[in-house]
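Each of the next two complexes has subunit A plus one other chain: subunit B in the first, subunit C in the second.
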Partner chain A sequence: MTSMNDSIDPVARPARFGLFGRCLRTSMTGRVGFGLVMFVVIVAIFGPLLTPYAPKDQSAMYAVGANARPSADHWLGTDRLGYDILTQLLYGARTALVVGLGAVLISGCAGILIGGIAGYRGGWTDEVLMRFAEFFLVVPIFIIILAVVRVLSKAVTGTAFETMPYFNLTVIILMIGLFGWAPIARMTRGEFLRIKTLEFVQAARCGGQSGRQIVLSEILPNAFPSIVVLIALEIGGAILAEAMISFLGFGDPNAVSWGQMLYFNYQSLKIWPMASLAPGFMIFITVLGFNLLADGLSDAANPRARRR
Partner chain B sequence: MSNNQPTRREFLQRVGIGAAAMTVPTVIWSPAHAAEPHFKIYLTIFNNQQTRMIWTDLIGKNIAELGVEVVTSYVPPSEVISRRANETGATYTEGGFDMYSERIYYSTMMPLPDVLFSKAAFPPFGKNFYRVEDDILEQAMETYSSSPDPQKRAEALKTFEHRWYDIQPLHMVFYPEDVIAINPDLEGFDATTYNPVFFPRPENWTITSATGPDVSAAFACWQPPTTLVPMYSSGYNESNIFGPVYNSLMEYDSWETKKAVPALAESVTASEDGLVWTIKLREGVKWHSGEEFTADDVIYTWDTILDPAYASVQNSPLVSTFGSKEAYEKVSPYEIKVTLPKYSILFEGLVLTSISIMPKHAYASIGPEEFRKHTISTWTSGFTVTTSDGRTYEAKGAVGTGPWIPAGFDAMRKAYRMVKNPDYWKETTGNVTEFFVVNIQGADAVLSALKAGEIDAHDPMYDIGTLVSTIEEDWGKVLTFDSYKWQQTCLNLKHPVFGTGVDTPLGKQDPSRAAEAAVYVRQAISHAIPREQIIKNLIAGYGKPGTVPMPVTAEEYDHDYLKPIPYDLDLAKSLMEKAGYKYA
Partner chain C sequence: METGRYILRRLIYAAIMMLCTSAVIFFLINSLGNPVELMLAETPGVSQETVDLISAQYGLDKPLIQRYFIWIGDLLRLDFGTSITYNLPVGGMIWSWGLHSMQIQIPAIILSVAVAICAGTWAARRQHSRQDFTVMGTVLLGQSMPAFFLGIILIYIFSFVLGWFPSYGAISTRRLLWGSALFDGLWHMVLPVAMISMFNIATLTLLVRTNMIDTLRQDFIRTARASGLKEGEIIRRHALRMVMLPVITYVGLLLGLMLGTSPVTETVFTWPGLGALYVMAIQQLDYPLIMGISIVIAVMLILMTTLTDILYALIDPRVRLE
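This part shows the complex of A and B:
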């Protein structure tokens, strides 16, 4: 622990690597979060091998029926649509992760780029970009996403996009990503503003490094710990956002989504609670996992703040 | 910083993003579909009712089993409503629709297929959005609606049913049963609602547990109304509220018998050819304002609906019945003579029973542009009515002759309030003196409200069938009624494959057989609908498999001919093959 205190001496170059490792070693919440996230990842990768059913297989409708109780064929029973609940949960993990990672890939890249430029350049560039970011912070993202999903799904009729599998889901991912960059940009800008005045950056500048080299090899890696925390939080947020959009009935009819499972089953909650509670539980542990991981990363990035 | 600790980058590469990225391809690339789809259907599903979303989607998946590419999307009803109203029969890619599903009914107790399926009912003014256009059906509907001879009418209806069953223009999925849970202490609730002719009749309700002279009852329906003027809407949300306030010339005695009996009319007699009708009006009936009801009110109502400036939804059937205002005249204050230009079943089936009579003395001064915004439409404020003898009456909503007097919109309860009319012309049996119509969205919510004692009954639109097992005897009594409605999948019959058939292989090869090929495709689709499974799994058995647009409990339904259509994908494929499609 003492070595870590040393590593964030303000004069010395701050620690750049090992954030995850430190998170796992020092933070219980981080460990739990990481465990939950890994569970979902493993389910997403290997889950489908565990089930004999295709994701949209409604054959139970012609056999045991909808809302059937658990049996040897359907370990968690079937839901209101005649889907095997376990199969839906397993495939839903893929959708959740793709949405979370896909959306954050977009918002992360955009946020770091815009925030980085604003923080490094300062002045008018900073002013303009941050006002632009504030615009994205205040727009009612859900209404816009719902409208765009609706309009786009109509606009692509008869075009090549229509044959693209999971088009609606892709649009949802894009929209969550495009409307999620502003917090990351603000955080990146703040970090860049702080770090660019530190001595090692000035030393690099005196050493003749170009602006690009300084940003990429000096400032960005040191700003990363704070950004990673936000990114982990946003992954959870994106998964929740997709679940909410699906819960409102605007999801992708072709994708298997926990939010959509909830939407179709919540009315029969009293008839067969498993069909609603199971996807709810999966959304809960996934989002909780990413949030706890973010918490752990935050602790690891700021050990002093934590101890105080 | 110890050296044996992995770097963040290494860590991410090894386990984090690397592992998660493995999931991406499995999501993006789905299993390949059938080699080359036979054709494409855009299936638009209303996103407002889960049960229907589920069964429509299930039907789409079964159609896909026939090698058809089914592009499914969930859309708000407003989108389909605007798409289907085009004047040309445009397909989905042209801005119209290919296929959607809906619950539908004739809005009258007498089947009136021509209102929904005749060529005269094409959009934009009519409701034949599907563009059903078949000579035999058209002839049958024409004979049915224009023949005063009951025997001829029955035969025409039979022809209509048989032809429909054979060519399957649209697919009836099931005939739902109405399931309604009521307060166990409520007696006298003996009918479902069926707009606009059956609405709650709280004047006959008795709350057995109530003590004291003031007894209140509440009825739940899903959506707030758009207008409370009867000539502007025949929807459930509206007629549940305005229904108890007004009367028609004839009304239905009970849901069980569904027999029309005189209401504001005391007697209605027709000449042998069905062209000349004499309507004797009930004397001594008072409007809520105290004014006497006379023939002038009936004439005023018909005149107003016929006047295109008022843009009434009842204008089209009234125009086709009467032709013009010349068709009727006041003989005396209590007698009207109607001379129809030609016999029309709409007169008995719709004009006499479904048109609420409006008060001339109270409404005549309201211009066409004010009607929808007026208190009579909103019930949110009041207005003063002056009677012919100079008295004034403060109306808190509509003015009618019905058993219930509007008492405005109760903002606290978010409910439309009515009080019992002490001067109602007919004897009533209930003890309820105050009646509310509240808006509650969702089947779960409505049952919670019933359990909490907030409502006493509800509209059948909640489809609580699947939740019946959750209702306990001490707070809910479950009643079932035949619904007189059906759930159907609607096809655009201008579609080049399943509509006109010109794009089917058979149609291309021999254009004279295009229509025949389209019939094969529609029959195939019909056999791909798992009706029994839908009824068993999705509506808890409260329904019967659908065949033709005729209520299954109607006496006109020909049970001998209309056998349930089996779910049989092999048979469906063989029908597709008849249309020229090949299967490997």
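This part shows the complex of A and C:
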């Protein structure tokens, strides 16, 4: 039993712990992506320390007015509503990351669970679950999310949810997560189907491990590299989706989000471009960061496919 | 025979998909509350009787399940109902607004396929060279560029700084360009089309390049080279055919998705298309319009993927055997 595990581990371990390291060592895009993502993370954590203003502080209206050019007090100027642009950008990073991680937590768990069951069980279960997933791949997700977010925000008028902080943002995260699991499920299923026929899994089965043990300690760790690539991509996608929902005016009025900054300031693009271009640029580098990271991770996960 | 059965199977499958999608759209949106109550939620002094009366007028007093089947029955007769805010038949509105969306989406798709085939082939023939690296870098940047940010940059540069193109609308309200509706329309299309194609060009170029590199390694290309054909001829007459297969699939997807992505595009350019109408319908909680547009977009997506699959099977017989 023990000796069996020893002979299996070398296969599982590098894939699990070395993926990020290999990504950073071998892939230029991976390094740049990791750098961008870390930048956004650091901004999200420490950003509020850099600014004396609260995110909802419109007092600049009394001093420099709306659409003010950069000054010593307001490094990037103020926007159409008198908010300090830099402050909004810094707090927006938090919203973006919460949306990205929250949505992917939901879609990742659901996707790995459903895809894993489909791939491991196979047969009839697989057929049903994958048809179900396929359905989620062809519905126009964005259109439906928009309608649901808007209708829900109106439907809670007069109920206990109305006073819940960040209710709209929670709905957006839930919807993006609940509609985003299908690609992860499909990838997990494919990996499970491939890995469960490999020799070391057969060996573990002969060694008397239970089905659950095999899935958790043999198949999942080896399927993980491919799944992580998709998860990185989906975090970027979720952030972009929230930005678009907010840009169309259906975001959370209590949250500070880059998409919402665009929504409020877009009309005065001609007067003060910074107020629209700066949040747009932040969305761009965040999405770019996660996409590049995914690219690097995919190179690290499949080194053989790299030089093609 | 085999092909016929495959097509039939795909069509039945598509019909089931459409039925499921319609159920999701209907129940997700309608189970969250009575539309009339929601619309009047912030209007003071509306009595319950008034709400009931208006609900009855729109047939909302019936149970949800029954309403769903009435809605499906109406849809099958192409009756989308009447818009609450515009008091116009929804079907006609979708058609006229939809045509405006097509006006920018179709040219954008044609343009992106043309550019991507050239750029992808060009990069594939110079694999690992500096030119290839430049193309690939641009592609990666282009794929991560949020479409609306690109649109805003385009408007800022070409409309506000340079003043070459209009920043909003589909036609000038005061004086047409060169006094011609055609030129004026084309003039307004330039920036939206550029914005939509940019993302598609990035993805398609990547697709063409990868497939071209794979194809150029295959035996029949080596045979063609050995028989003394010129490289340009090999690519045009032999390799491109292979590369076109995945491109067709992707274009089918683009055609299906084009209306689904239009809300953002059309908001950026204030373009009077289906997406802008959808955003308006959601703001006004115009239920017949919301459901009508979303079901049209969903059906379009399913129809296009199905058609692509069928077309693919007709071109490449190996697919049918799966």
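In this text, the second predicted complex is superposed on the first by the 291 of 308 C-alpha atoms of A that agree within 3 Å, B and C clash if a C-alpha of one lies under 4 Å from a C-alpha of the other, contacts with A are read in each partner's own complex, and residues count from 1 in each chain.
The rule is short, and it goes like this: contacts are C-beta pairs under 8 Å (C-beta built on N, C-alpha and C of every residue); 3 or more make two chains touch, one makes a residue touch a chain.
Fair warning: this is a prediction, and the values are worked out from it, not measured in the lab.
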Does the superposition put A:62 against subunit B (first), subunit C (second), both, or neither? first
Partner chain(s) touched by A:41 [first = subunit B, second = subunit C, both, neither]: first
If we overlay the two complexes on their shared chain A, which of subunit B and subunit C does A:199 touch? Say first, second, both or neither. neither
Based on the superposed arrangement, let me know which partner A:157 touches: subunit B (first), subunit C (second), both, or neither? both
Is A:127 contacted by the first partner subunit B, the second partner subunit C, both or neither? neither
For A:166, is the partner it touches subunit B (first), subunit C (second), both, or none of the two (neither)? first
The chain contacting more residues of subunit A, comparing subunit B with subunit C, is B
After overlaying the two complexes on chain A, where does the subunit B footprint on subunit A coincide with the subunit C footprint? 150, 154, 157-158, 249-250, 266, 269-270
Of subunit A, residues touching subunit B in the complex: 3, 7, 15-22, 38, 41, 44-45, 48, 54, 56, 58, 61-62, 65-67, 80-82, 94-95, 97-98, 101-102, 150, 153-154, 157-158, 162, 165-166, 168, 224, 228, 249-251, 253-255, 263-264, 266-271
Would you pull the subunit A residues touching subunit C in the complex into a rising list? 29, 135, 138-140, 142-144, 146-148, 150-152, 154-155, 157-158, 236, 240, 243-244, 247-250, 262, 266, 269-270, 273, 276-277, 280-281, 283-284, 287-288, 291-292, 295, 308
Residues of subunit C that touch subunit A when the two form their complex: 17, 20-21, 24-25, 28-29, 32-33, 38, 41-42, 140-141, 143-146, 148-149, 152-153, 155-156, 160, 210, 213-214, 257, 260-261, 263-264, 267-268, 278-279, 282-283, 285, 290, 293-294, 297-298, 301-302, 305
Subunit B - residues contacting subunit A, complex: 1-2, 5-9, 11-12, 15-17, 19-24, 26-31, 42, 45, 47-48, 50, 53-54, 57-58, 61, 71-76, 79, 92-93, 442-444, 466-467, 469-470, 530, 533, 536-538
